[in-house]
Amino acid sequence: MARLTLTDIKKSFGETRVLKGISLEVQDGEFLSLVGASGCGKSTLLRIISGLETADSGRIEIDGKAVDQATPKARNVALVFQDYALYPHMSVAQNMAMPLVMGRLPMRARLPGAKFLTPRHAETRREIAAKVQQVAEQLRIAHLLDRRPASLSGGQRQRVALGRALVRDPSLFLMDEPLSNLDAKLRVEVRREIVELHRNSGLTFVYVTHDQVEAMTMSDRVALLQEGHLLQVGPPAALYGDPASADVARFIGSPEVNLLPVRAAAGALQLAGQALPVASGQAEGTDLMLGIRPEAIRLADAGTAGGCFGLQVVRRAVEDLGGELVVHGSLAHAPDIPLRLRLQKAPDGSAPIPVPDTFAAEVPLGAVLLFAADGQRVAGPAVMARAEIPA
Amino acid sequence: MVAPASLLIALIYVVPMIAVVLASLTDYTLISDYWEWVGLDNYKRMFGDAQFGNALRNTAIYAAIFLPCAFVIPLLLAISIQKRKQFRSFFEIVYFMPVTSTLTAMALVWSALMDSRQGILNEWLGSLGLGPVNFLGSPEVVLVSLAGISLWAIIGFNMVLFIAGLTAIPRSLYDAAKIDGADHPVDEFLRVTWPALAPTSVFVAVTSSITAFKLFDTVALLTQGQPDHASEVFLYLTFLEGFEYFNMGYAAALSVFFLGVIFVFALIQTLLADRTAR
Amino acid sequence: MSDLSAPRPVAVPGRISAALSRVTPGRILVTLVLLLGAWLMVFPFLWMLSSSLKPTSEVFDADFSLWPQTFAGGQNYYDVLVAQPYLRYLGNSLIVCIGILVVQLATAVPAAYALAKLKFTGSTILLGTVIACLTVPINVTSIPIYLGLVKAGLLDTYFSMMFPFFVSVFAIFLFRQFFRSYPDSIIQAARVDGFSEIEIVLRLILPAAVPAAAAFSVFSFVAHWNDLYWPLIVVQSQEKMTATLSMMQYRSTFDINYGRTFAAATVVTVPMLLVFVFARRAFVRGITMSGVKG
Amino acid sequence: QTQITCLTNAGHLSRQHAPLAEMFNAMQDEIEVIYAAPAQNYSDTHLKLMRGSATDTLPDCAFEAYNQLPSLARAMAARGQIADLSTLMAQEEAGWKEANYTDQMLELGQVDGVQYGMPFNASVIQWYVNADLLQQVGVAVEDFPTDWDGVLALAAKIDALGDDIDGMSYAVDQWGDDWPFQVLIAQQGGQMLNDAGDQVTFDQDGRSVEAMKLARRIVTEGGYDPHTDIDTQLTAFTSGKVGFYANSPASAKLMQERVGEGFDLRSIKFTVWDDANGTLPTGGNAGIITTQDPEKQAAVWEYLKFLTGPKGQELTAKNTGYLPTNVMSLEEEYLGAYYKAEPYFATPSSQYDRAGAWYGYPGTQSEKIWRDQRSVIRAVMLGETAPEAGAAELKAIAEKLMQR
Amino acid sequence: MARLTLTDIKKSFGETRVLKGISLEVQDGEFLSLVGASGCGKSTLLRIISGLETADSGRIEIDGKAVDQATPKARNVALVFQDYALYPHMSVAQNMAMPLVMGRLPMRARLPGAKFLTPRHAETRREIAAKVQQVAEQLRIAHLLDRRPASLSGGQRQRVALGRALVRDPSLFLMDEPLSNLDAKLRVEVRREIVELHRNSGLTFVYVTHDQVEAMTMSDRVALLQEGHLLQVGPPAALYGDPASADVARFIGSPEVNLLPVRAAAGALQLAGQALPVASGQAEGTDLMLGIRPEAIRLADAGTAGGCFGLQVVRRAVEDLGGELVVHGSLAHAPDIPLRLRLQKAPDGSAPIPVPDTFAAEVPLGAVLLFAADGQRVAGPAVMARAEIPA
């Protein structure tokens, strides 16, 4: 049970300013995902929260108590390391049991050989072994418990690292890309385990991931870190549907959002000579960016529908993802402006791919996002038209 | 890749050792060109030789004093110095200094410092209300004194080895240990430092025990086995038999026997430690 | 001025209190013990240094004083440095020590790597032999080696002074232990990148074992610099005398010039201290093993 | 020019050799003497020569301790590596030998009746005395007792001066060789071995028992402490904490230097039980010729003649304190005047007639015999073994190991 | 240029039989993805191909020449390690330059300090530096060239590991999950770099990934490894649309395929009492599994369309992935049979979520897969109806 409050955390490594003032409040029991480009400081932030690294300035509070000077142990956090950090000389079972042994057994009973000298703790030892066994089964590594990390595959190691955190009963779970080396199937399963753990324990989670699906499906809120600042913090759907800036829109969603350079005109937007019927509310002549999600573009078989505007697209390449296609193309009348489309295949698996190289597409007016030239979101009709999504 | 080393090992160790083993079956003296095979006589003689038992006992006692200290003190030093930011280099230099010393000269210094009447060590002890200690004149103390001198000379080296071993431990393991709650120094040591240091520890333990058994120089320079054979350790006895009494064959037999014992000891130590370290 | 000190009011108290919080009774105690130990470590050196400046009558005075009452350092050091061809002895020592060290490293490092990281037939036997040889003191093998050198007509040459030490089983064992903990994964990456095995040793493993290698180098250098046993056996002429052996020149059973002996000892030791102080940086220059996951 | 290489038992830059070699090289130019790299001490020299003999890598000349000369000379003679000096002596002009050496002195260099060595250094034991302490108990150095009872009584008196003051030091139980033990036998007029050198005779007439009793009295009456190691005893004496101290005159110069201005240091003839027949074993070393090259042999001979000649011995005595081996050197022009002016250095000359043999046991085990005997002597001095039993053991040890 | 032929490769670690006979032929210039559950032996296979591990039995040929005894160097393969395996004491630039230095400079010029002694090789050195710079820029790590691995983030390390392979000119590229630690945006970019490298170089690639999108979009063929055997090797679309077994269908595609237990009846299938109009061609009473991809199920607003069968679904949970929703439900009349649906959101971002907890869905007959009880694919009408997908 813990509320985590970060106030203006700054951190530099030598010349490199990694965190430039991070303020963030994670509610008790919340599941917060931390996303951001590689090298943006996610791991560093987790290490600061856990107490392994000290911030150059700023405050960290857990449940309102400042913990800046507290040891990691005192903070009682569980951390899954991105690089696993397994103890090479211990078996998987010992690796996983470590936090429990440290937490539950008194010093006397932890000394080597104490096993035989402190029979009073046999009960605790059994409990620990049982817990390790249980978590190992959840993570499908029960058959590996006697192995050393060196003889494990990448994904197996990652699960051991995860298991070491899961056996615990901490106030705060910090996880640094804990599923990156798992195959899709296993990942879904373990993801579910984590979500369930979160739901059942009611503990606070801070979860670093670069997997959109994870961030979107697991978290209560997502925090997007970029160049040392938090760009936006909010529910996943808000980051996706209501991004505060072009950067956020660009980072969330895959394939990436289309950002088309437009200029405000009277009641319309000029897109490379084509006038789009979108009222921007901006002064005429202002340069803007028009954001369109790839899945918002659909094929216009029979003329542009109402409430939509049309685009002529040249097809360049097609990626088949099994259930859907990603079409890479560009505007027919401005070949240097690329356009990505995501097209659902027909349920029988047949591809809805337009046969001509150049085809017509349409975009509902309500589906567009408008950004100023500096990337800031511009309140426009697009926002007005958005509906709340029930979860 | 092992060829040059193997060749040299053969030339420098194996062939001479074979010669020594062969010599141990003769009554060669160096004094006379005449010698003959005597079979295992030299070995039989060993067990009737009171000095042989005495030297064995002295060596064992010396090793029992020297070994634990030569291992534990440097380890503690390394741990407490390595973490230090201030004075780290100062302590490193100072503790390593004795390694660079010239024993021939240092023996003179030590004999002066350990002078049981006018020596500075006793003066210091006296000012603490202790002593005086008869460092080199008492059969009970002399092995301790010799061990002290050897420790003085070796602590720095073992310490530097331990520091090197400590430096090679990945930081991430300590991070993980901290997160897991093992931030008590004892836990940190037992769970991370000690296992990760295993190869270094094996080395230090094995070489220190061999060093202990091979004690020679300090005895030759400082006590020559005195008082009353009390510091006559094994290698010194071998030296006496071979190079003072010119019983080369017998000395060779002593060497062969003794090397066999140390070797078995060292090999067991290494293999056991290797196994547990894996 | 005020610009420069502007951020300080925040930072300084924090740092001081942080520093103060680190000063605990335990730490003070540890520091005191370390200082006491350090004093025990240096004192014999101070005694030697101080004695090298004294006339014989003062060396054994009961009331020891660091600085001599009668300064005889000038004469003592003159005798050692000027009155004899000291540079020649120094040169001999250098030649022998460097020669030994170079060959030792060249033979031990590859062998240790092979023992630590390669599987080859006979590796266990070789390791056993190495450990066996570790137990063999030069005193035992000196006669056979000496006889061999005489046969080869090599007595009183630099080669004979170095030969028994060309292979250091100590170094092989030491390096093996240090190489063992090197991550296999990185070695494999190197093989894929086209490293030859010898380059793996030189470019990857040795840099990681620099602290140990430096420690060994100093140790080997010092040991052979200070060695008296073997030079006494094979050195016949004054031209080949080492610096340490030269200390024996003015000593006899009933007569010894203490001041001069200690001056010589000091002069012999100082180069070793310098070697150490310069090599020390390497002792601590470990590298963080962060190239691999898990 | 002939170059000869010599191996000495001591450092060639020590006072013993350096000035002599320098002088010799300067005064003629047919022969150049150079010294081999040094050995550590007597036994190391012996070992080096033995090794050199076995491998035929000997220097041209060497200096070997009297007690070790027999075993070395026998081994080398068997291999034809050592020169018989009598032939060279015979080539000298008539009367030369008699003018320079007494027979007694020459005997020190003889093994099995052959003159292998020219005695270079010789020493008989003497007392070093702290005159200040003697004065404190009211005894003048001139009145130093001449019998053991007196000596022990004096030591007892000095010992009583204070807790940190010892009466005397005679470390017979700690010496590296049996030189001081032989003193105890010889000063009674005894011999270690019979004339043939194959039988132990040190126990004749109860001499070894007497020696052991005396050794014990040195502890009980003289205040000597066997628990104190030999270096501590030396330092104790040179820092004025011991009444008198037995050692070789070879240390005279060193003693003087170590004492410095500390106290009034004197030297005195050693106490002898049997004034008429008592002798003292002579320590020191003899020069031997270890080259077979006649030209080099001749050159070495020249050098040895110089070393053992009056000038050489004068310098040696003055530089170190050794007893001169050359009778001519006692004359006024060499040492006579010097000795009168420096009584501290003159003591050896006053013991000239006492200089007797320093025996080595037959066979090769002399050192081993001594190391075993030393333990017995220590036990006697500590009172753990009765003198009689001790004496018997000494003989048993010697007889057991002599055979081999 | 290399054709890789594996014949009956077997490998055990002690008791664990990891590879139980792998035979595979990778054509010259082909891009083959290797997928499979965590710990199934993918890395082991790559290591055997590269020569770091020796197979217990079997043959490896490169271009028809047996290389079983050849050293890694002789095989001239580039391998990206799953655990990076960077040289810890070398800068990023040195790490990346190593393969080139080793390959292009003669021994003399590689010795330390040789830089100044062998001016003849200055040209080569410059080329190497230029190449490193170029690859680093592609991977967006040019600003890190002087750093040591210890000061890099996880994703940065991974890119260095990748860069070290990319600078080379090998006969074969082996990559072990080279993008797992990168954020989605960067991953798309680097993916494109790799595809381009493959296209331009014409080299052979074996690429281990657990990312479906990577496997589907990059590869010419995908090989699925499970329990030591190759389950299926074929073009991505074939594995997705035409899986050889239920295991393959289950592994490929996310969310996982729905596998409903059915029984063959006369001209129909019995699904928990409901008769589906699917002709299985199997003997009556045979137990079968009906595979339906989550995206093949659509909402049936106005009665079931023709060529479809209908299902009543109870909604349990909804995951919002931004552009689409994953609905977890179960059959209304058999609550223990789960059903996953993937629903495309409307282009304006409004969710097509059925308001009632129980709703009707329909599945086109052509979209179903049929498997025998043992998992083997059953040739049925579903297969007949499949159309080839143009790429």
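When the chains are written out, they are named A, B, C, D and E in that same order, and each has its own residue count from 1.
Operating definition for what follows: contacts are C-beta pairs under 8 Å (C-beta built on N, C-alpha and C of every residue); 3 or more make two chains touch, one makes a residue touch a chain.
Here the structure is a predicted model, which is why all the values come from computation and not from measurement.
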item	value
Relative to chain E, chain with the most remote C-alpha centre	D
Longest centre-to-centre distance from chain A, chain (CA-based)	D
Central chain of the complex, centres being mean CA coordinates	C
Between chain B and chain C, centroid-to-centroid distance (C-alpha), Å	17
Separation of mean Cα positions, chain E and chain B [Å, integer]	59
Centre distance in Å when chain A and chain E are each reduced to the mean of their C-alpha atoms	21
Inter-chain centre distance, chain C versus chain D - centres from mean C-alpha coordinates, in Å	41
Chain A, residues touching no fewer than two other chains	83, 85-86, 152, 154
Chain B: positions in contact with at least two other chains	30, 112, 115, 118, 170, 172, 196, 277
Chain D, residues touching no fewer than two other chains	51, 235, 239
Touching pairs - complete list by chain label	A-B, A-C, A-E, B-C, B-D, C-D, C-E
Residues of chain C that touch chain A when the two form their complex	18, 21, 184, 290, 293-294
Partner chain B, residues of chain D touching it in the complex	43, 47, 50-51, 54, 71, 75, 78-79, 164, 174, 176, 226-232, 235-236, 239, 241, 364-365, 367-368, 371, 374-375, 378-379
Residues of chain E defined as touching chain C within the complex	47, 50-52, 71-73, 77-79, 81-89, 98-99, 102-103, 110, 112, 148-150, 164
Residue numbers on chain B that touch chain C, as the complex places them	1-2, 4-6, 8-9, 12-17, 19-20, 30, 77, 80-81, 87-106, 108-110, 112-113, 115, 118, 120, 123, 152, 155-157, 160-161, 163-165, 167-172, 196, 199-200, 202-203, 206-207, 210, 213-214, 216-217, 235, 238-239, 242, 248, 252, 255, 259, 262-263, 266-267, 270, 277
Complex contacts: residues of chain C adjacent to chain D	55-62, 84, 143, 146-147, 150, 155, 228, 231-233, 235-238, 240-241, 245, 248-257
